[in-house]
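Below, each structure is written out as structure tokens.
Both of the next two complexes hold chain A, though its partner changes from chain B to chain C.
The block that comes next holds the complex of A and B.
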């Protein structure tokens, strides 16, 4: 009986291991394919690659369209992630600490941009951005990406605030610190890792966002994913694979940073 | 009524740091139409150690929160040294507060935690260093200055919280169940430490706890709260010996309590004839008015067991139902023959004393002066 049970368990766990392995491979193969095909000299996407070359990377880096798109993406990412983080921290404080009326509604609304179809958001934001006179400017994309990025800092900071009692802030105020001093000296240091992680996720979300950029930007405010998309419609060369690989590398680095930074904070 | 000596009697010695007098006037709090604290008034003298006890939900923490300033009162005043502080935010009240779970800042070291209130007040760096060292010395934690709170034991964290809440010499120290998270031995040790600390500082302390023994050990005066009201305020001895209600009698110490059917007429303070529900006649002291729903109360250590009991005002023959020898005391539960009433009894063991096993018959009795009349 015992041995049968043991055999069943080990079979089951082996099956699960294989399943997880298969899923991971399923995810990783297309990603790795992009990276592999970017390192070849042929002028079309061929798989498996027959040689090794960094010519498409050189071309990618020398391309002024890509250069301005990278610059736009970084600027939009930094600005929108900053906005999203400030808004996310304030909203999380209101929801978790101030127990404002309608806190549940505010939470749902703050998380919604991560779940709702972005096309809906884009269709809604387009007339607003025209009305505000922002259409085609960096500002329009920054605001839209701030909306898309908001859920990340909101969720991470809510988690950090829920992990300790509001007694900390009350204690600080009982010791003579006003609300601002309490935020600066007590609350912020305790949620810092969550703020940084939220910022990084918002930044990464902006970096690979396409739909909103498609609706809201102009040729001068083109982001990197938008340029890639335009290029795909026009001609498919390994240069696109090189550009995609660069986006992938930057995003991966950001996510690794988001995971490692809180740990570094703890060691301090 | 006998009173314990008050801290204020000796506060002249500590005039440099003396505590503030607190006057709570018709202070109340309603949440969603429910009274958390009904309008409550109490005067707390300068240097007093004032404990508030009561079951959970009795409003004691709400009251403390209003004094500290993190709960807004619905109405009423909190006058500290002649000034109503209700309109003032928590950080301007200059009150020290010690929380149940210490609320030490986890990202700051022990020394930084203790320095925090001084840093906020813009005290120069070298003075902060000197006063932090002095304060940590007072709670015997000099060696732990550079540690994080998470590296300290519960008792040590509590002492850091005490040092942090007192380093800026607040005139009032509020404590919300500060020993609630500690084990029994540590709690006893910390009680003595808190008492010593308060006497050295001369600070006025308002101390919330649900532990009646802790309150009796520490406090000059105790307020017992129930359903948002202070049902009785007095010294530990006054509350124990002259409880004004069944609730107070049962909350503070043990008691055998019987419903009364009738009490004969007589002057206040005199022993009178009374009849318990069920028809048993007894003699009782009456400093309160008897009314419907009155009770007779006798404390377990006021009952005499053995032949001497026959001479007392209330003398009964009884059968021992439970007997228990514990270090320092013998406990009995005795049923009074022919009445169905049962009494809790506690006697101090003496060298030649007889120990009654369960089932034995005994004479028990008590003086009318020891039996008090209680309202519900």
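The block that comes next holds the complex of A and C.
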């Protein structure tokens, strides 16, 4: 009886593991489909693609709309992630290390933008960006994305600060270092990985965001997801698949670099 | 502690200065917008609460709200159904395989939501691979209109949401003391019983976290419904249309406030369940002592 149960369970375990493996690999299928259809020569999406061609990539490379959208997305992503990271690190220091009153409220507020539906923020930000004269500028989208990105560095840095004792900072201060020197020489090296991770998440959140960009940008400041979305609403073409494939390739390279670079550094 | 001459007051002030960047960012671009929506929602032509009355009574709006809820619930359910086994298997993997598994679950995560929705537009289209495979094998006579009937939307949203379910549950399962299922085994529980009586109940709090995140995110989803929703509109699209196309800002704002309140209520319920289970846990520990 016991042994039968055990064999049944181990068979079931193995089956479940295989099933999950299949599902995880199946998760890649939709993305590979996009890449696959981008290499066809017909001007409408057909599946399976009948022949191989790179004409849609040529068209994509010559399309100035995409060029400016990619440039806008990268500029907005870098600027908003920088703002979010500065604000997130400062707030995390105040909440975890400085024991400032009101820390609980500030923590909730710093996480809230991650869970607030973006359409809600977009509706409220639109009139404000008009009043401030920011409507349609890169600045409007950068500030909105900085708000949406703030929770990521805040959460990662809070985690890093909680993982070691504040004694090191106290020791540094008692040895005569001022607050800034202590941060530069003690705290920052300890939280560097969390700061980088928070920055990357905030950057990724900005690159993925669409609703705020939809409300706050103009045709000259529109971002890549917005351009892709507008084109998809208009007509589904292989050129969009080519654009999406290029984005996928670049993001994958960045992830591989992010994983491999620290390892290479260690070997030296 | 050695403090420079300017004393304790300035220390405190300096500590508060750490809040300055966040305060400068959130006050005008997060708190003020919420205030603006609140004010705007009461400024309709039919009196202060006119727009709210409309939200509750208008059959069109009620259908959209119902549809949003239905989609969010279904997506949460299917994300849990797919996500829990993934988390369970990943939690038991060790070393290189665990890294590969986590890498695989995060890989589609890095493709933007627009691109992942686009992928399902291709897969589930009238002449897409799913339909041609099913027609070709004689399973169905003519292509299913996934993009109009709401099924395609739920498939695509579940695909996008599964990682949000896996990560908290994976963390929850990893935090469970491995000795607990072992103790159950020593006491004669078979592997199924070990799972049902020990592992599953202990992973409930992380299920609650994952389900909350997925449900709330699904409530506010815009991109995927706008591309795959067909005739089935969700509340985000309704808000956007009211504001952008019809310029009915009071109604858009009232709808936004409703969504905001729903989000707060769902998170409050999660918090309540956490507090309750902690209290129950300590009561039980007290009884045992």
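Convention: the second predicted complex is superposed on the first by the 239 of 268 C-alpha atoms of A that agree within 3 Å, B and C clash if a C-alpha of one lies under 4 Å from a C-alpha of the other, contacts with A are read in each partner's own complex, and residues count from 1 in each chain.
What we mean here is this: a contact is a pair of C-beta atoms (placed from the backbone, for glycine too) under 8 Å apart; a residue touches a chain by one contact, two chains touch by 3 or more.
Just so we're clear, the structure is a prediction, and the values are computed from it rather than from any experiment.
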| request: Go through the superposed model and pick first if A:170 touches only chain B, second if only chain C, both, or neither. | output: both
| said: Looking at A:178 after the superposition, I want to know if it touches chain B, chain C, both of them or none. Which is it: first, second, both, neither? | reply: both
| request: Determine, under the contact definition given at the top, whether A:249 touches first (chain B), second (chain C), both, or neither. | output: neither
| Who wins on chain A residues touched, chain B or chain C? | C
| Just chain B (first), just chain C (second), both, or neither: which does A:17 touch? | second
| query | Which holds for A:190: it touches chain B only (first), chain C only (second), both, or neither? | reply | first
| Contact residues of chain A, present in both the chain B and the chain C interface | 170, 173-174, 176, 178
| Touch list for chain A against partner chain C, complex | 5-6, 9, 16-17, 19-21, 23-25, 27-31, 33-34, 37, 45-48, 83, 86-88, 90-91, 93-94, 98, 100, 102, 106, 109-110, 112-113, 115-128, 132, 143-144, 146-147, 150, 170, 173-174, 176, 178-179, 204, 207-208, 210-211, 214-215, 224-225, 228-229, 232-233, 236, 240-241, 244, 247-248, 251-252, 255
| Which residues of chain B touch chain A in their complex? | 68-70, 89-91, 93-97, 99, 101, 103, 105-107, 116-117, 120-121, 164-165, 168, 174
| What residues on chain A touch chain B, complex-wise? | 164-165, 167-168, 170-178, 181, 185-186, 189-190
| query | Of all residues in chain C, which touch chain A in the complex? | reply | 1-2, 4, 14-16, 18-22, 24-26, 28-37, 40, 82, 85-86, 88-90, 101, 104-105, 107-108, 110-123, 125, 127-129, 132, 159, 162, 190-192, 213, 216-217, 219-220, 222-223, 226-227, 236, 239-240, 243-244, 249, 252-253, 256, 259-260, 263, 267
